[in-house]
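Just dropping this structure here.
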Amino acid sequence: MLLGRVVGTLVATRKEPSLEGLKFLVLRQLDIDGKDMSGYRVAADAVGAGLGEVVLYATGSSARMTTVTDKRPCDGVIMAIVDTLEVDGVVTYDKSEVG
Amino acid sequence: MLLGRVVGTLVATRKEPSLEGLKFLVLRQLDIDGKDMSGYRVAADAVGAGLGEVVLYATGSSARMTTVTDKRPCDGVIMAIVDTLEVDGVVTYDKSEVG
Amino acid sequence: MLLGRVVGTLVATRKEPSLEGLKFLVLRQLDIDGKDMSGYRVAADAVGAGLGEVVLYATGSSARMTTVTDKRPCDGVIMAIVDTLEVDGVVTYDKSEVG
Amino acid sequence: MLLGRVVGTLVATRKEPSLEGLKFLVLRQLDIDGKDMSGYRVAADAVGAGLGEVVLYATGSSARMTTVTDKRPCDGVIMAIVDTLEVDGVVTYDKSEVG
Amino acid sequence: MLLGRVVGTLVATRKEPSLEGLKFLVLRQLDIDGKDMSGYRVAADAVGAGLGEVVLYATGSSARMTTVTDKRPCDGVIMAIVDTLEVDGVVTYDKSEVG
């Protein structure tokens, strides 16, 4: 899994029928020090993530292992909302301090 | 998923029999600010996308989760046509304003 | 899928038994303007591609969705030979003019 | 598989229900000379790895082939703790000398 | 598939039980001119490869399509030992001349 921050939303009315009802969020990739990286990913939301939140997302076939993405043409899913991240003994992200 | 703009078409008469009838489109990868990136992808079209449209595409095994790509040797599929994209509170793409 | 040009061959007598009879070709990755990129891929040939031809190849589990690669430890397959490629209204590759 | 060093932990109370009980560790990617690389990965722990240990991790669908990750939306798993690594005849990592 | 040269070995006593007996080799990625690239991969050995040999390896789910890796958390496998590699009409690697 990689870390991302929810930075946007995407509307698509014309899509594969099985994707109806799925919410797609735009993620900016984050490094483990909490800083933005250059990459991004559009992922289905399986946990009710909100704008600005730091999340964990899975890609590939593993992105289909949730109720909302099962058997759908979807290769990225937000499967957890990060509360705290601690790297090398330092808390690099704490949701309670940000939000 | 990643964002792409349909920039071209590809004709291939000699191919794996199961791919007969599939339409392949050439996608230029797009960043979330709507600008071109350096990468590209050739993807099967599952939604009737047209030249110039901004689309969402899935790769890997998830690309086979549509009726037209099921069990076929195809690792990229356009599964949605983007109407609007909003990042950091700014609309970076709006199909109604472009087309 | 990505585009590649068949630039070479590979001989391997000692291999996983299930790969017996598979033909492996060396592909130089191509950009959509028809120019060489720095990457390469060794792929199984499912369509009878020849040296110099521009092909479309699939990777990952999708590479096993052909009769010759089914259930084999093979993560790349040539599934189509490109006749023409048209990008931004310009034909960037035309097999009939090259060959 | 790639090599990583366990550098951190991640807490996420809101997540896909099937992930309950899984421990996520933050890995800094390592090169085969034992030096840090720029990439990272968050992976589920299937072997009881500890902070500072050098581990082997698998990604993609293979990350689901353990008891703790089976059928879960998880695309990275630590599946081995490295004791020694020998490259070009030189021991580049020896757990007994570090720990 | 990509090309690699076997440059090392890895010992891991604490690992996912299903990996017991699997031999992991360290591969330096090779370009098609036979030169070292910067990447590496740790792969399970399905063909009895030896140090210094040039091999072909598969990644992702395809890496599990051998008897020794079936259903195991392993995302890379050596599935062939390269005898000769010919690119652009030039033999860039010939095992009989090296070994």
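As written, the chains take the letters A, B, C, D and E, and residue 1 is the first residue of each chain.
Everything below uses one rule, namely that a residue touches a chain if its C-beta (ideal position, glycine included) is under 8 Å from a C-beta of that chain, and two chains touch if they have at least 3 such contacts.
Being a predicted model, the structure only gives us computed values, none of them experimental.
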Common contacts of subunit B and subunit D?
A
Just the number, please: Cα centre separation of subunit C and subunit D in whole Å.
33
Could you put a whole-Å number on the gap between the CA centroids of subunit A and subunit B?
21
Shared-interface residues of subunit D (touching two or more other chains) are 59-61, 63-64
Going round the ring from subunit B and on to subunit C first, in what order do the chains come?
B, C, E, D, A
With touch defined as at the start, can you tell me which subunit E residues reach subunit D in the complex?
7-16, 18-19, 24, 26, 28, 40-43, 59-61, 63-64, 71-76
Considering the complex alone, what residue numbers of subunit B touch subunit A?
1-3, 31-32, 46-48, 56, 58-66, 69, 77, 79-88, 92
